[in-house]
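Going by the order they are written in, the chains are A, B, C and D; count residues from 1 in each one.
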Amino acid sequence: MPISIIDEFKIRRLEVLDESGEADAELMPPFDGNEIKKIFERIILARTFNQRALSLQREGRLGTYASILGQEASQVGSAIAFEQSDWIFPSFRETGVLLALGYPAWQLFRYWSGDERGMSAPDGLNIFPMSVPVGSQIPHATGTAMAMKIRGAKSASAVYFGDGASSRGDFHEALNLAGVFKAPAVFLCQNNQWAISVPRHLQTAAKTIAQRAFGYGIEGIQVDGNDVFAVYRATKDALNRAKSGQGATLIECFTYRLDDHTTSDDSSRYRSAEEVEEWKKKEPLIRLRLFMKKKGLWTQAYEDGVAGNALSEIDKAISQAENYPPPDKADIIRFTNARLTLRQKKELKTLGWEK
Amino acid sequence: MAKLNIVQAINSALKNEMKRNSDVVLLGEDIGRDGGVFRVTEGLLEIFGPERVIDTPLAELGIIGSAIGMAAYGLKPVAEIQFMAFSYAGLEQIFSHAGRIRSRSRGRFTCPIVVRMPYGIGIKAPELHSESAEALFCHMPGIKVVVPSSPYNAKGLLTSALRDPDPVIFLEPSRLYRSIKTDVPDEDYAIPLGKAAIYQEGKDITVVAWGAMLHRAAEASAGFDAEIIDLMTLKPFDEEAILNSVRKTGRLVIAHEATRSGGLGAEIAALVAEEAVMHLKAPVIRVAGPEAVTPMAKLEDAYMPQIDRIRKAFATVMEF
Amino acid sequence: MPISIIDEFKIRRLEVLDESGEADAELMPPFDGNEIKKIFERIILARTFNQRALSLQREGRLGTYASILGQEASQVGSAIAFEQSDWIFPSFRETGVLLALGYPAWQLFRYWSGDERGMSAPDGLNIFPMSVPVGSQIPHATGTAMAMKIRGAKSASAVYFGDGASSRGDFHEALNLAGVFKAPAVFLCQNNQWAISVPRHLQTAAKTIAQRAFGYGIEGIQVDGNDVFAVYRATKDALNRAKSGQGATLIECFTYRLDDHTTSDDSSRYRSAEEVEEWKKKEPLIRLRLFMKKKGLWTQAYEDGVAGNALSEIDKAISQAENYPPPDKADIIRFTNARLTLRQKKELKTLGWEK
Amino acid sequence: MAKLNIVQAINSALKNEMKRNSDVVLLGEDIGRDGGVFRVTEGLLEIFGPERVIDTPLAELGIIGSAIGMAAYGLKPVAEIQFMAFSYAGLEQIFSHAGRIRSRSRGRFTCPIVVRMPYGIGIKAPELHSESAEALFCHMPGIKVVVPSSPYNAKGLLTSALRDPDPVIFLEPSRLYRSIKTDVPDEDYAIPLGKAAIYQEGKDITVVAWGAMLHRAAEASAGFDAEIIDLMTLKPFDEEAILNSVRKTGRLVIAHEATRSGGLGAEIAALVAEEAVMHLKAPVIRVAGPEAVTPMAKLEDAYMPQIDRIRKAFATVMEF
């Protein structure tokens, strides 16, 4: 047969919780009421951090900040699937992931105020500093996953990145390497439809990002990124595959960036208010509330209590961050390498930074 | 003649040249509808349309690599990289292709691209938004490197870059983007590449600087009879201007933001050590960033050489 | 439906001429007898160049050389599909392409003897110098194709690269850009099963390279790369698509590198003689001969004549290359930029290279 | 003790350290079954298996990037890049991640990788197989750069690199790979990074060189009383060794293959212009590659500084 079909691929999309708050019984992860409440509380915490960060930035108390509004389900839903020994490689828009994993909020405020010390994850939390060069962190996750495999660890590494990042060569090389080495890696693309002003359809002519997985011989799936249960399920499945030696997975969380790209951006220059309004109706908290209400897990009073707790936790973190002594200038030099060079010792002296 | 800042001056150079030469096309992330993250290309999409002001996917290697292909075909592509650090992904394209294609094809193919990017410390943006790695580009053959220090020379130098037959890396000091306004003619004008400007005449100390440091050096010179050279083109730089000045003053201070070791200051100091060392009345001093990566916002001001450090260098060479 | 299929892809493979010399009547390009003979002659010429280059290298008269043995159908079959205004971006293993396009053989010998002047394509031939950094030429083709589109030219650009190259980030960024801009580009992957010692299955876990096309929203097809008619047909189709505004195509020519990677390589270190023997049976000339014989286009005497002409053409090229004056040292400096810098003028003087 | 060439000495260092430290893993193109294009890793796959000697796809960015991820997790990855020019695709990983991760995480994460690659002119390989771009790595903070000049120091320096807590770029002069044999102990030994060696003592001229140029400089010194410093570690380099020697000789010649402008010679000359200029009896001279890309095989010897050029420099500083 001169034109033959040598292979076929189907791009799957996973949805569990629909916009009316109805969950698919078969696919619904086996969460009990308390676990679901904890998910809700983590989303509220992330959103509270986000709101406070945005206002602090406006007040000049933080530097440029990247809002996660609308992406909380993609972030919290995936984060809660990890185990302590897994490694996480975040981009700069992963506040929800980091908080859900227990990264101290005050440290995150320090980071966003332009202080390296905020990037030093507490011991026991294997969270790499957020990567600023878009996509460049993806190969690190492949490497860590390869190392886990070499060491025989039953762990996985996961990396977060955006739709924009998926256009970078780093994405390609990292996913291909992960495929070849059957590395226990999970590639979590947060497709929030925009890379600053570039909409998804101008980022790539492919219909989905998930379908790229086939080009690397790894698993790929798109999930409704505003559906916290679907994101959890896909991530958990991917982690299980990874840890049982079945290799890597690319998960495309189909979500939306409701705010400006960062506090330096003005998204009204390039997208319509209508588009944003449409997506606001789909934001993750609405459907989770509906679901919880049906299950008797949600009342307004409950949410008010959660929000109040979150606000006081975040405000405590802010004052902790703001009351911390400013960084030592000598640290600029001191952490370059394990040991100071003679030149650096001289510099510390000349600059008057020596203690 | 209008008072413009550097952002506007660059915009004006691009606009004029795009009108004059239909081969000029711009490409980069967010340069179209958004007008660029610094608004340098604001309004150009509306005038020249999406075929000449091209919003690209997030792919610096691809942007620079495809610009090379465009240039080979006969266009004059101007790529914008959002911040200098993000050009690192495209360095292979610049070093192994843009800078070599004329030589390796013995002139059969050329690469008249311009790669524009903001650089340097000073706007308290996130990590890796404050790099001063100009020395990387200055070392590798076949590439010109230009840094303006004022709206007026930004327009004139960019116009020359846009007419240059070879690849030009055009580094825009982000710290200065909106902080200085000067008179800038509406019409186009070219300031030749490879020539430095005497920013301030003086008898006692030759000071070489560029971009944002030029202004710090000038401020620091109060009370000293310093000749301040605005290098403007970093590669190939104006050796004669420096040597003539050093032969006159006998003292050389170089000020740059980049980490000292292997920064462009080294090449300038080495030139003088080779060709005018016997004129020196004092050791050369480089006032430069320390042996460390550029820190985040809270410490970036501490990293950048301060006026008092420059003054101390002036005092040291005078007292020697 | 919570797990939905959002898209499906089929990977096609094109074959026209089978190993017994039988061509599929429907898919066979409309070549007349003379055209078929010309194809045969180009393959012989390429193979003759190749053999002579290998022996010159052994004699120390050429530098490292990369043999094309076995890949002649992929090279000649694609090359003859181009028009004069198309642009070609070759890798270092494209002797057959270049010769078929009329690149002077003596220039190629100059190149392989380590002389830049060999890379200066004659005017009218839009052939970029062969790229040595694997894969780094792929974005150039995208850029040229974009320029053609901007200029409204009815031309296409084509780039040749190997299976190894398809692992590089350059490949990814270039194909994705081409997809977004519907650039008239043809990406010709010469999958010769090996990247030095790395076999295809360790280069990527994907079953084919062609299937990557779907990840960029462009067309993709695998062809039997030892089938000169299939390669021609796929290339012509891709060029037609490109020139009629339908965008880019990735063609995977499934072929085999019968010789060592280069003259510096010893492939017996990493692959079996049996594997090579198996592929030798499939090399492109065998089936073309059978086909031509059936059509009355081939006799041994004809082939002997062709081979004799090729040999004398190639030998003439060799002596032309070898009798050419050696390069001028000053050229090292002279071609760096359009104009010499003062420093360079000084250097020419100090080095005694000035004339 | 066996007589080994540099290829064998490096192989021996890798083998010993892999035995000593099970965290050491090698990765790169063709390093396993093929033993590397220069056979540096020959036999190691057989001893240590495919989990520790990893043949990778053709992806330099991915090789270096994944080495960073391995190192963060606790391994000691040693990446081989086939030729220096192909590391350019991984420069972003080196500059923005490997060299910064300790600093930006304030010590929480580190990057003890070694990236090995052949470099330099001399084996008449194809284009871009003869780069000498060591200055790029020397400029960017957080990275060490090492160049051996003999089998003995190749093994000792690599052993140190393999025990270093930070990223090390290990540049192997391809010209020397098989051209020198020296006694090399079987057991492991470490030559400290950051220290130069006095290759030859002398009173009149300080000569600084490394890698293949060291041997040219030594040959050129016949008839001169030259003190030849084998720099070995290019970043951070041994400032004291150079300054002490220059203070004694009053003359400095630096010889390197790389293009002169912005090469490491500039930093060395600048150091002396800053800290020992008043000891100079003659101008500093850099004998270096011209302002041009490294040519292909037919001209590469012409590009590389010849012995007579070095001798002329010696004569010039002596006659000054």
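Worth a mention:
Following the convention adopted for this analysis, a contact is a pair of C-beta atoms (placed from the backbone, for glycine too) under 8 Å apart; a residue touches a chain by one contact, two chains touch by 3 or more.
Remember, predicted model here, so these are calculated numbers, not experimental data.
Shared contacts of chain B and chain C, meaning chains that touch the two of them, come down to A, D. Matching residue numbers shows that A-D is the pair in C-D, A-D or A-B whose interface repeats B-C, with more than half of the contact pairs in common.
In terms of their C-alpha centroids, the spacing between chain C and chain D amounts to 36 Å.
Distance between chain A and chain C, defined via averaged C-alpha coordinates, is recorded as 43 Å. Measuring from the averaged C-alpha position of chain A to that of chain D gives a distance of 40 Å.
Chain centres here are Cα averages; for chain B and chain D they lie 30 Å apart. In chain D, 56-57, 59, 61-62, 85, 88-89, 92, 96, 103-104, 127-128, 141-142, 236, 261, 291-293, 295-296 are the positions where the chain touches two or more neighbouring chains simultaneously. Touching of two or more other chains is recorded for residues 116, 133, 136, 167-170, 173, 176, 180, 202-204, 331, 335-336, 341, 343 of chain C.
Taken as a graph of touching chains, this assembly is complete, with every chain in contact with every other. Residues of chain C that touch chain B in their complex: 87, 89, 116-117, 119-121, 128-129, 131, 133, 136-151, 157, 169-170, 173-174, 176-177, 180-181, 331, 335-338, 341-343.
Residues of chain C touching chain A in their complex: 2-16, 24, 26-27, 167-173, 176, 179-180, 182, 202-208, 211-212, 214-218, 222, 230, 247.
Those residues of chain D lying in contact with chain A across their complex are 25, 51-52, 54, 56-57, 59, 61-62, 64-75, 77, 89, 92-93, 96-97, 101-110, 141-142, 144, 165-166, 194, 236, 239-240.
Taken in their complex, chain D has these residues touching chain B: 85, 88-89, 91-92, 95-96, 99-100, 103-104, 127-128, 133, 135-136, 138-142, 235-236, 258-259, 261-270, 272-275, 277-278, 280, 283-286, 291-293, 295-296.
Interface residues of chain C, counted against chain D in their complex, comprise 63-64, 92, 113-116, 132-136, 164-165, 167-170, 195-198, 202-204, 264-265, 269-270, 326-327, 329, 331-333, 335-336, 341, 343-344, 347, 351.
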